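Letters are used for the chains, namely A, B, C and D, taken in the order the chains are written, and counting of residues starts over at 1 for each.
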Amino acid sequence: MNMNARRLDFIFAVLLIGTALTWWMGETGHAGPAAVLGILAIAAVKGTLIIRDFMALRGINVFWPTMVIGWLLLVLGIIMGGYWKGL
Amino acid sequence: MNSPAIADIKVHHPPGDLAIWVFILAELLAFGVFFTTYVVTRMHNVALFDEMQLTLDRNAGALNTVFLIAGSWCVARSVAAIKLDHRAASARWLLWGILAGGGFLVVKLFEYSAKFEAGINLATNTFYMFYLSLTFFHFMHVILGMVILLAVWLKAHRGGYSAADHHGLETGASYWHMVDLVWIILFPLVYVMR
Amino acid sequence: MQYKSQSVAKLYFIAAIGLFVAQILFGLVMGLQYVMGDFLFPHIPFNVARMVHTNALIVWLLMGFMGAAYYLVPEESETELFSPKLAVLMFWIFLVAAALTVVGYLLVPYAGLAKLTGNDLLPTMGREFLEQPLPTKLGIVVVALVFLFNITMTVLKGRKTSISIVLLLGLWGLAIFFLFSFYNPDNVVKDKFYWWWVVHLWVEGVWELILGAILAFVLIKVTGVDREVIEKWLYVIVTLTLITGIIGTGHHYYWIGTPEYWQWWGSIFSALEPIPFFAMTLFAFNMVNRRRREHPNKAATLWALGTGVMSFLGAGVWGFLHTLAPVNFYTHGTQITAAHGHMAFYGAYVMVVLTMISYAMPILRGRAANSNKAQVMEMWAFWLMTVAIVFITLFLTAAGILQVWLQRIAATPMSFMDTQDKVALFYWMREWAGVVFLIGLLVYIWSFFCKGEDKTAA
Amino acid sequence: MAGTFTTSMARNIFFGGTIFFLLVFLALTFQNEQIIPQRDQRAQLAANPAIAAGKKLWETNQCIGCHTLLGEGAYFAPELGNVYKRRGPEFIKAWIKTQPTNTPGRRQMPQFNFTEQQLDDLTAFFKYVSEINTSNWPPNIEG
């Protein structure tokens, strides 16, 4: 076991918790702006972890993480905007 | 093993071949436009989308999320292993990643067959047009990702990658993580949020 | 010229330019018929002029592609052509078939031509761009297959470069998708659906591979940039082309009886189609900026850069303007489509063939580049034709916008013919721009005969 | 290692990506074939041979060289996909019979010397096309 592998395991655990949380919010019928914001925040965290650690864009030329994380935040932002207008 | 985590060394390019990254950006753009279209269309059909969303199998969606992040994790571990030159472990992790992808496909096929038996197709209504289009497009990406991983595994299995040279492995891994990343948005958007 | 057999390309290029002139002349006839409806009626009705205009275009572009392939493949493969004789024979068969077809169009009423050429055996005629009689269609298949055999054998016996692989793939795709022109079901929806497998998958699919390969070849030659660099980017660009363009076919499936999901798939993927064209523009400029040598043929470089810019404008921007389903609902089947068609064909395919001719023709005539005087003249032709096509496009776009407004959006919509009268001014301006185009073309041809101090021998 | 960009990888992605998107397109085509029977009026086509005869007349007289049909064709003369609804069968037949108008300066349509039978076939074809489900295109009856 090295540092890097342990870190990956930890991130995997966080991703599982995030997924369980999203699923739970769906099961318990959470709806409305607060729920959407919460679910999108979870997705943002999960996505960022995947991009930075699994895709290993952490610590490389800023162009790449900016593009991919920028894509993630832009899409999530658009979704938030769309749900804000039509909930 | 206490060698330094190699991923922490500053490098200027993303892991894998630059060509796959151009492809990944193009794919992300296509999915991004697809998601945006979904959101805009939903704004005009909130009642329909909210009603139809309840007919989806959320448990299957969540289970598939687990499969994909597990698959992504396995492949990340495979890359971590090869960086320490643990070739057998790397190949093993890769195989687990492919199996996780297979799990995703099986669950998805059960989900689809239930929908098809109910006579649902792309012309059923706007929500199902999006549900089927988005998930099918993504489904095909999972298959493509698995094909790539399989090709990578064949080489890894023969010990073809090493700590010094694992360019192909990283290329395949980057694509596979992209498939996971897209689902991280797709699942809450189509199955959960209302 | 490195290989003797490359010289067959010359025949193809000359015939291509000849048909180009015919295309433009008939275009001017049609343009005049738009405003003087009875011009040349009943001798050359509009439909006949249009058939000659579009079919001449297709045939001369095919001739240009074939000539380009015959020039490019021996040099890339570093070997003589498999069979130069076969290439010459196919040229004459193709030219005679094309000439007979045009004569048939002009002298025999179309229904009579159909009867005469055995259309009853397998009805394939009378669909847009696929008007050719059955024997001509079969002839195209034979010529294409023999051509492909010749080229493929050449590549197989020599060096296999990325450029020749992409080119071959494009040419094979061209031949394969043409086979759908023989499928003509009674069901109009299916007829139209598979008709696009020829038309769209040609111009927004495999032809772009040919375009990319030719452009990459000329860029290597005129800039001296490493083949490695250019070939990598060629692959990236053609990848982007096909991943957007194949499903982009859906933008033709909005209103022809096909299911509505195509509106979404078609809009999304065709909206991404400008990306490969933009990449191509960047590619062309980037390579020219990084050039390692000053090639004496300045005109060829100008055409290459022009292809990058004009294909992006014509195919990319003007395509995007009306590709989204909610917009296309109003613009489908109007002059907007015609505007896009003119600039896209010129910017992408006409210009790339002229790029190749501009680069190869001086070498085929035994010099590295034409004299300064001839090049200046060729560049004048470039600007005259390019500016003319920009104005043709702008005027047709204006006519189209007005047409959409009067006929489709206004509270009391006008009839088609009344609308046409209202936009006549734009048609007149388009016709004058067309005259400028013809002048540009004549200057272009003149530049071949311009004497002057030749640049160093090839 | 990180940061390379190789021709062979670019080529593999080109082939892989192309095959992939071709497969997606074929899947969409497969679905298309399953749905169009609800939209393309094929029952009419099977029941009435005049429609196919009319389509052949439409093709062998190269009508598409001036007109559009469901928005595709030349843009020189009116849209005929919905002409049956716009004008009705009698007008269509009378119009074709009286061509050309010979009005100076006006766009001219040739005289095709159709028989009554052929005119009926053509109108049957126009009726069939006008009933295809085109997602409400054109925006209005003028085409």
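Quick notes on this one:
In this text, a contact is a pair of C-beta atoms (placed from the backbone, for glycine too) under 8 Å apart; a residue touches a chain by one contact, two chains touch by 3 or more.
Predicted, not measured: the structure shown is a model, and the values here were computed from it.
A count of C-beta contacts for the chain pairs C-D and B-D puts C-D on top. Centre-to-centre separation between chain A and chain C, using Cα means, comes to 46 Å.
Averaged Cα coordinates give chain C a centre that lies 23 Å from the centre of chain D. A straight line joining the Cα centres of chain B and chain D is 40 Å long.
Each of the following residues of chain A touches two or more other chains: 60. In chain D, 2, 5-6, 10, 13, 17, 20, 24, 31, 35 are the positions where the chain touches two or more neighbouring chains simultaneously. With touch defined as above, residues shared between interfaces to two or more other chains in chain B number as follows: 11-15, 19, 23, 29, 122-123, 170.
Taken together, the touching pairs give a contact graph of some other shape, not a line, ring, star or complete one.
Chain C meets chain B in the complex at residues 232, 235-236, 239-240, 243-244, 259-261, 264-265, 267-269, 271-272, 275. The touching residues of chain B, when paired with chain D in their complex, are 11-20, 23, 121-123, 136-137, 140, 144, 147-148, 164-168, 170-171. For chain A in complex with chain B, the touching residues are 1-5, 7-9, 11-12, 15-16, 19-20, 22-23, 25-27, 31, 35-36, 39-40, 42-43, 46-47, 50-51, 53-61, 64, 67-68, 71-72, 74-76, 78-79, 81-83, 85-87. Residues 1-6, 9-10, 13, 16-17, 20, 23-24, 27, 31, 34-35, 38 of chain D are the ones touching chain B in the complex. Put simply, chain B touches chain A in their complex at residues 1-15, 21, 24-25, 28-29, 32, 35-36, 39-40, 42-44, 46, 58-59, 62, 65-66, 69-70, 72-73, 75-77, 79-81, 83-84, 170, 174, 177-178, 180-181, 184-185, 187-189, 191-194.
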